[in-house]
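Take a look at these structures.
Two complexes come next, and they have one chain in common, chain A, joined by chain B in the first and chain C in the second.
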Partner chain A sequence: MKKAVTATVTLAMEADKDTLAKIEKFVKKRGARKITYEIDENIIGGIIIQIGDVIFDGSLRSRLDNIKENV
Partner chain B sequence: MYMGYVESQRLANIFDALGFDWQSIVAHLIALIILTVGLYLLLFKPVKKMIKERQEKIRKIEQENNDLNEEVKSMKSSTEVVLNEAKKQASVIHDNAVRVANQKADEIVSSARKEAKDLVERTEREMEEERNKLQSEIKKQISDVSIAVAEKVLARDLTPQDNKKLIEDCIEQWSEEE
Partner chain C sequence: MINVKEIGKDIRDKVERIPNKRDERVCGRIVDSGDGIIHISGIHDAKYNELLEVKGGYRALTLNLQEDSVGAVLFSGEDKVRYGDIVYSTGETVQMPVGEELIGRIVDPLGEPLDGLAQIKTDQTRPVEFPAPSIMDRGKVNKPLQTGILAIDSMIPIGRGQRELIIGDRQTGKTAIAIDTILNQKGEDVICIYVSIGQKASSLAKIVQTLRNAGAMEYTCIVSSTADDAVPLQYIAPYSGCALAEYFMYQGKDVLIVYDDLSKHAVAYRTMSLLLKRPAGREAYPGDVFYLHSRLLERAAKLSAEKGGGSITALPIVETLAGDISAYIPTNVISITDGQIYLESELFNSGVRPAVNVGLSVSRVGGSAQRAAIRQISGQLRVNLAQYRELAIFMQFGSDLDSETQKTLSRGAKMTDTLKQRQYLNYTVKEMIILLTVAQSDLADKIPEKKMSAFNEGLLDYMHTNSTQLLEEIDPDQKLSEVVRSKILSVAEEYINCSVGGDSGQQAETEA
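Showing the complex of A and B:
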């Protein structure tokens, strides 16, 4: 994976410190030095992490969309 | 010659005694002869000729009549033969026409049955497709509604603890995948 500078983390609501620490650890392990947090209620719950071109989508929104497509 | 003169004188005396005028008689006889010959030549012969011609004509007419009768008989006979033949042929044609018509009718009925069967099958197929399409549509709508309801419920009922669990599970899973 290429080293990218900034990671964008999207959450549905504010997370506690413990969760934020785990997020930071995960993101830094993948080469990101800076983290930007966004709150978007549309994702309903879960997390979306974008590091460069790579997106880790663990949002409830995407899961519901997958279910809709597969029905 | 003297004997002849005497005989004729004697004959004349007899006629005078009886009161006959022998000159008149001779004249009448001559006249009769002339008349007879004249009648024969002017009347009897032409009439005989005419009668003969008429008879000949009648004979010819009778002959022609007989010939015509024979011809008519022959034509009648031929006509009957032709008529019988025509009747036979008409009967054959009629039988053939009936056979062909029956065959055609059978073909038409068979074709109509096949068409009807195809139509029924096609209609059933289309109805099945329509039914499937409708079912898919209904399923999709149910799914959409269910998803929408799930979104609303999740958005309303998701607690921070649930969200925390979700996030941590994702991070753990992504970490294991690497």
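Showing the complex of A and C:
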């Protein structure tokens, strides 16, 4: 089932070259060949990477939601 | 003065202690939603019975794993989730929070409080689905679970670790028996769990009130799913209750768990199965409806001494329609349990309460756990009552009766009256011994018919005030000695002599 080909990377704002290179390295390591970038201000900050049906949620939004749920 | 700095520090500490959720998560998207059932594409590593988290904080349970999608049932928010919403897998099966903290509380099947009191602080959980104790882990049922109901404790005794079905039509007092049993566990060191499955919220409120008023909530936990709760909640309610019971059992404690009722549980499961498009079988129940209840009731057990000797006694309740115990669910549960208490509406309406049909009720293991004295004096009870009923039917033909038959009939009627018992009025074992001894002796002939119930109440009062020493002499764990027996009878005779006169005197007074 793990046929992860395309990675979707969501960012809050445009990233600089260094960051993009890091993202690319990370994504390639996990078997994705194509990367599509999305800009979504709603995540406030950080990054969300989805490869196939695995999601890496490092966004500020989800951190805040988590705090809201637990306080 | 409020120290702002300190508060700020507190908050910071608290936020720091919040664990960050796993960064890497497997997710999928909803491709189909309806009637509380969602299908998800993605989630390649989904397990059976896994808890899923839908965007918006709703939870779902996977039940169908298919080639290209996963079928799951929502615990809440069925009108809130949308097509395309992200669903995360959690890697966990459904867990029930467990611990002493739950005693005295009312919780939903996921452990959330429903009584408006504080959040339940316990860090221990148990999986809702858990394998039953193995053969080697089990011990012999050897301790009685007193229901406080004379008809049951004498003829259909229940042992700790037994599964005894309470079955009958609606409005025959099924729940009343279960509640009476819970009330009778006061001071008996038994933890009680009442699981309500698809009950009316109003009935449950009444039960809670009864338990509170009697102080029974001190050792009782209520796991509630009412009729308006999502079907999956009703489905897991008994398993959640059982998980809590297991927690106490493995600590070596005795637990009583009431499932009220399993017919509604089967209906809830049928709803889910049909919506998940599983093939329907008899009465439209799915093929695994037997397993649904057998795996639940197998978890009730008496553990061996090496495993701590704890026990779960299960009292499942099943509602029949028009007394039909050969319907699908009743026959299933009857064959799983260790006996049944069969309640009849005819008996109930004619004033025999609890409306136990002694002929059809059995207990397959409780007999060995019965207290010695009770076993001794109730040995003949069943046979005698059967004889009486047979005769009573015969008598309807109105033939002349010889004195011997008349005596059997009147004795039988008096015995039946003795077995009548008001709700919430539980007898202690010693009281039962007294009542049974007197009602089976020749003294019974001296008591006017129809006065038996009043006589019994009066007799017990009399005993408690005038012969406390005799009460102490009665040892339920020994066979009743001839000496004690004759003492009981002589006190009863004493009471008859003074009460029959006193009674008529009282009546004359009131009439005047």
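Brief remarks on what is shown
Everything below uses one rule, namely that the second predicted complex is superposed on the first by the 69 of 71 C-alpha atoms of A that agree within 3 Å, B and C clash if a C-alpha of one lies under 4 Å from a C-alpha of the other, contacts with A are read in each partner's own complex, and residues count from 1 in each chain.
We take it that a contact is a pair of C-beta atoms (placed from the backbone, for glycine too) under 8 Å apart; a residue touches a chain by one contact, two chains touch by 3 or more.
Note that the coordinates shown come from a computational prediction; the quantities given were computed from them, not determined experimentally.
Chain B and chain C, once both complexes are superposed via chain A, fit side by side. Contact with neither chain B nor chain C is seen for A:Lys17 once the two complexes are overlaid on the shared chain. Figure note: vertex chain A, arms to chain B and chain C, all at CA centres after fitting on chain A; angle 20 degrees, rounded to a multiple of 10.
By the touch criterion defined above, A:Ile67 lies against chain B and chain C together after alignment on the C-alpha atoms of chain A. Once the two complexes are overlaid on the shared chain, A:Gly46 sits against chain B while remaining clear of chain C.
Of the two partner chains placed by superposition, only chain B is touched by A:Phe26; chain C is not.
Contacts of A:Gly58 after superposition on the shared chain: both chain B and chain C are touched.
Put chain B and chain C next to each other and count what each touches on chain A; the higher total goes to B. Taking all C-alpha atoms of chain B against all those of chain C in the superposed arrangement, the shortest distance found is 5 Å. Of the residues of chain A, those at positions 56, 58, 67, 71 touch chain B in one of the two structures and chain C in the other.
Contact residues of chain A toward chain C in the complex are 1-2, 50, 52-58, 62-63, 66-67, 69-71.
Interface residues of chain B facing chain A in the complex, by the touch rule stated above, are 139-140, 143-144, 147, 150-151, 154-155, 158, 160, 162-164, 166-171, 173-175. Residues of chain A that touch chain B in their complex: 11-16, 18-19, 22-23, 26, 29, 41, 44-47, 56, 58, 60-61, 64, 67-68, 71.
Of all the residues in chain C, the ones that touch chain A in their complex are 11, 14-15, 18, 20-21, 23-28, 42-44, 57, 86, 88.
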